[in-house]
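Input: structures, listed below.
The same chain A turns up in both complexes below, where it pairs with chain B and then with chain C.
Showing the complex of A and B:
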C-alpha cells in the first residue's frame, strides 16, 4: 500500500477514479450482475435443463462452430490482406486499406440485408451458387458468411502494425544464410506474427459468437438448423421466459469472460514478443 | 479488445520491402497473394457495400426519396440522432476521466479495471439489451416501482439510450488510455509546478496532446451509437414512429418485403459508415503528421 501513497503532483485522482468506478458500476457491472442474480432464481437442475435443451445445444454448435471456422478463415485471408497492404504497392491501395474497417463502421443490420440480397436464390452470387447445390442464404453457410464479414478487420488490424514494424534485417540475415523465401516466412516471420495472429483470431471469434444483427437476416433462423445462441435469448424473451433467457445469457457471459482473459493474455504476449506497448 | 481499432500511425513503406531482394517474393507469388487477398476483399467487403446502393436505387429515385422522407423514417432519424447525441458526450466524459485516472496515476488493480472497461466489447449486444429488460422491464427489479410512478424505460426512448450507452461504453476510454500512458505525465507535472490549476493543465497541456485520439474515439462511438441493432432491438419494443431507430426501421421494412425502401434507409446508414471511414482516415493522417512534427522538433 505504501508505494501507492506516494505524493501525487497531478490533481484529480480521486475525482476521476471515483467517477470511473461509479459510472462503470452503474452502467455495466450492476446490470451484468443482474443476469447472474436472475439466473440464481433457478435451481441447479432447472438451469441445467434450460441450457442443455436440445434446441439450445444445437445453437451452441452452430454459433461456436461457425464462429471458429469464420475466425480461422479470417486468420488466413486477413494475414494475406495485411501482407498485401504492407508489402506491395498496387493501385487503389489506400481505398482498400480504408475499406477494411467497413465491418466496424457499417451497422450490422445493413450488412445483414446486403449479404442476404447477394446470396439469396436470385441474388447476385446466389443465382450462380444455388444451381451448384451450394445454399448460402437461409442455411448454416449464411451464418458463416456473415461472421466472416464481421471478423475480417480484427485480424488485418492486429497483424498489420506488427508487419509494418518488422525490421528488414531479419529477413536479410535469413536470406544471406541461404534460407528460401518460404523458409524465412515459416521459421522467421510466422513466429513473430503468431501472437498477433492469434489475438486477431480470438477477437474475431469473440465478436462472432455474440453477433446478432448481421446473422439473423441471412440465417433463416430454422430451429435445429440455422439458429444462433443470441437469437435463442431473444426467442425466450419474446415468450416472456425471462429466466430461460438469462440462463442462456449467463452461459454466454461466462464464456465471454474467459475469452476476454485469454485475449488479454495474448495481447500481453504480443507486446512481449514484439516490444510494443499495445 | 479494442486493440484492433486503436489509432495507428504508419505511412506506406511498401517500396522498402519491394526494392530489397531479401524481403520480396517472386512475381508469381506476389501476384497470387495479391489476387487472393484482393479477391477476398472484393467479394466479402466491397460487394455487400455496392449491393446496398444498387438495391436502394433499383426502383428509381422517386421510391428512394419517398422511403427517406416517410414520416416513420424521419422519426427514426430523429431518435437515432438523439441516442447518439446523449451517449457520445456521456462516454466521452467517462473516457477522459478513466484515461486520466489510469494513465496519470499508479494504483492497485489497474489492469483489472482496464479489463472491466473492455467488458462491453465482448458481451453480445443481445445481452446488453437483456440486462436493461431485467432491471427496468415489467417483471424486472425496478419494474413495479417504475410502473407505479408511470415511468417507462424499457420499450421507450430511455431504454434505447441506455442500451446505446452500454454498447459504446469503451470506445473513447480504450483510445485514450494507451495514448495518455505513452505520453507520460512530465508535461502536466511541469505545468502544475509552474502554478497551473487542474483545469488549465487539462485544457492547455493534455487536451492538445490527445485531441486526435479523442476525435478518433468519438467517431467510433458515434458510428456504433447510430448503427447499433441487437441491443436496441431488445429494449425497443418496435413501436413505429416512437421507439424505432434507423437500423430497426430497416428491419421492419425488410420484414414487410419493402426491399427497396429497406435498402434506401440502409444506404443512409452505409453513407454514414463511409463518412466515418473518411473522417477516420483524415484523423489518422493528421495524427501521423503531428506525431512526426513533434518528433522532428524534439530531435
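Showing the complex of A and C:
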C-alpha cells in the first residue's frame, strides 16, 4: 500500500480480489467439488467400470466429436457473419445483428422442438432432405445441427468487436504493398483475428458439450448411435444412481477442462506470435 | 444520533416480525397439503383437489388448499429426498415410493398396507396406438417384432411408461416362448424396431403423432385415449393386445413431513378420497381404470376388458425387476447392445 510503484488510481484491490474468490468459490468451486466428492464414494474399480462402459464411451465420442465439429463450423461461418455485419451496410442490418443473439435467449427446449419439427420427415426441410437419404432429425446429424445453432452467437460476438477496431487502412496498405487478396486475409487479417476466433471457438465448444435441452428432442437418443453424454448423466439420476451420474460428470469436466486449457494455450501462443495481447 | 438508531432498530424489528406474523396468520386460517406427483397426472389432480377440499370442508369444517408439483416421477421422488416438503406422494410405479422408504425413511415401510388395493387407487395398461385403419394390420405383440415395423416407445431407463411397455412385452413373451431366453430374444427383436427413444411418454406421443415417425406407439391406455380425443379419432386407432401389464399407480403419505407439519390426518383423508366413489369417478373421467367395480362398469365402453398381469405375479416384484432388467449391465442394457 505504501509503495509508490503499486499505486493505482482506483483503490480496492483487496476488496475486488476477495469478492472474486468468494464469488468463484460459491458459484463454481464448491458445486464442482461436490461432484468430485460424490464421485469419490465409488471405489476406483467401480469408477472405471462406470465411465468406460461401452455405451458411455460411445456418448463421449458423439458429444465431444459433434461439439468440436459444431464449434469449427461456427468459427468459419461466425467469422463470415461478423465480417458482413461490421464491414457492409445493408437494409435490415440492425435486425440481423439482433437475430444473432436469439440462440442465447431462446429456451433450449424450444430450439430443440423447432429444429425437430423442421427436419423431421414431414417437416419443411426434412421432406426434401429425407428422400435424398439425408436424415437429420432422430440421427447424429441432428445433434450437430442443434449444437451449431446454440453455438453461433459466441463466435460472432467475440470476433465482432475486434473487427470493428480493425482499420480498413491495414488492408489498403497491404494491397498497396502488393499483397493479393488471399495474402491480405491470411497474413494481415487472420493473425489479428485468430485469438478472438479461438476464444469464440472455445466458448461455443464448451457450451455445446454441456448442452442437453435442445439435443434431446432432435437426437433420437438411440444407445450407441445418438446418445449424448449429458443424457447418460440424466439416465443415471433417473435411477437414483447419483454416484454413477457424478462419475460421468467428473469425466466430462476433466475432458472439457483439458480441452479448454489447450485452446487457451493455443490462443496465448498465437497472441504472442502476432505480438498482440488480444 | 440515538433517535436515529432507535428508528433503525424499530424498522428492523418490524421487518423481522412482519413475515412471522403473516406466516402464523396463514397457518391459522387454513392447512395446505403438497401433493408431489408424476408428469401426466396434472389434469387428474387439478380435478381431484377442489372436490376433496369441498368434501373435507363438509366433513371437518376446515379449509384445506392442495398444491401440486409435477415432473418426471424419479426426478420428483429425488426432490422429496432432497427436502421438498411433500405431504403425499402419488406416482406411477412403486419403486419411486420404495426409494423414499430406503433413503431417509420418509415413508413408512408398510405403505402398501395403509390403503386398499396395495395403495393403488387406479391402474392403466400398455396398449397400441396405430395409424387410422391399421394399415400394417398390427394385432398383438408378435407384430411389433417383425422386420420392417417401426415401434415408438419411450426410453425404459428414464420413463415409467417405457418400463411398463418393456415388461409387458417380456411377460407376453414368457407365456409365448416359455423361457427367459425366448423372452429375451423376443424383446430384443422388438427394441431393434425402435427408431427413436424419447425421454418420456409425452415425447413419444409427439414423435408418433406430430413427426409422423413409426407404425405403432406403445403407451399407457390413458395417454392413448387422450390422443384419440385431442387429435381426433379420425387419425389413430387403439389396438388392445391379447395380454398386457397392470400398471398400478401407487400413493403414500410422506410420514416424516406430514408428522412435522401436523397434516397427517388430512393427508390420509386426501388419499382415502381417491378410493371413494366420488374420487373414483373423477379418475375414470381422466381415462384411468378405477378400482371400484361399479364405477368401472359404468365406464365399460371406454375400458374394454383386457387380460393383464402384475409385476408381482409374473416378474417377481419390482425389486427383482430393477435388479435383473434395468440395473447397469442388466438385461435391458444387454438387449440394447445387441440391436
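Everything below uses one rule, namely that the second predicted complex is superposed on the first by the 226 of 278 C-alpha atoms of A that agree within 3 Å, B and C clash if a C-alpha of one lies under 4 Å from a C-alpha of the other, contacts with A are read in each partner's own complex, and residues count from 1 in each chain.
Going forward, contacts are C-beta pairs under 8 Å (C-beta built on N, C-alpha and C of every residue); 3 or more make two chains touch, one makes a residue touch a chain.
All values derive from a computational prediction rather than experimental measurement.
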First, second, both or neither for A:264, with chain B first and chain C second: first
First (chain B), second (chain C), both or neither: which does A:234 touch? both
Examine A:122 and indicate which partner it touches, taking first as chain B and second as chain C; both and neither are also allowed. second
When the two structures are laid over each other on chain A, which of chain B and chain C touches more residues of chain A? B
Of the two partner chains, chain B (first) and chain C (second), which one does A:100 touch, if any: first, second, both, or neither? first
Between chain B and chain C, which residues of chain A are contacted by each of them? 117, 217, 231, 234, 237, 240
Residue positions on chain B within touch of chain A in the complex are 1, 3-6, 8, 10, 12-18, 20-26, 29-30, 33-34, 36-38, 40-41, 43-49, 51-52, 55, 94, 97-98, 100-102, 104-108, 113, 115-127, 130-135, 137, 139, 141, 162, 165-166, 169, 178, 181-182, 185, 188-189, 192-193, 197-198, 201-202, 220, 223, 226-230, 233-234, 246-248, 250-251, 254, 259, 262-263, 266, 269-270, 272-274, 276-278, 280-281
Going by the contact rule set out above, which residues of chain A touch chain C in the complex? 50, 53-55, 116-117, 120-123, 137-138, 216-217, 220-224, 231, 234-235, 237-241, 244
Report the residues of chain A in contact with chain B in the complex, numbered from low to high. 1, 3-4, 6, 8-13, 15-17, 19-21, 23-24, 27-32, 34-35, 38, 77, 80-81, 83-84, 86-90, 93, 96, 98-111, 113-115, 117-118, 124-125, 145, 148-149, 152-154, 157-158, 160-161, 164-165, 168, 171-172, 174-176, 181, 199-200, 203, 206, 209-213, 217, 230-231, 233-234, 237, 240, 242, 245-246, 249, 252-253, 256-257, 259-261, 263-264, 267, 277-278
List the residues on chain C that touch chain A in their complex, please. 72, 74-75, 77-78, 99, 103, 155, 157-158, 194-199, 203, 207, 210-213, 326-329, 333, 336-337, 339
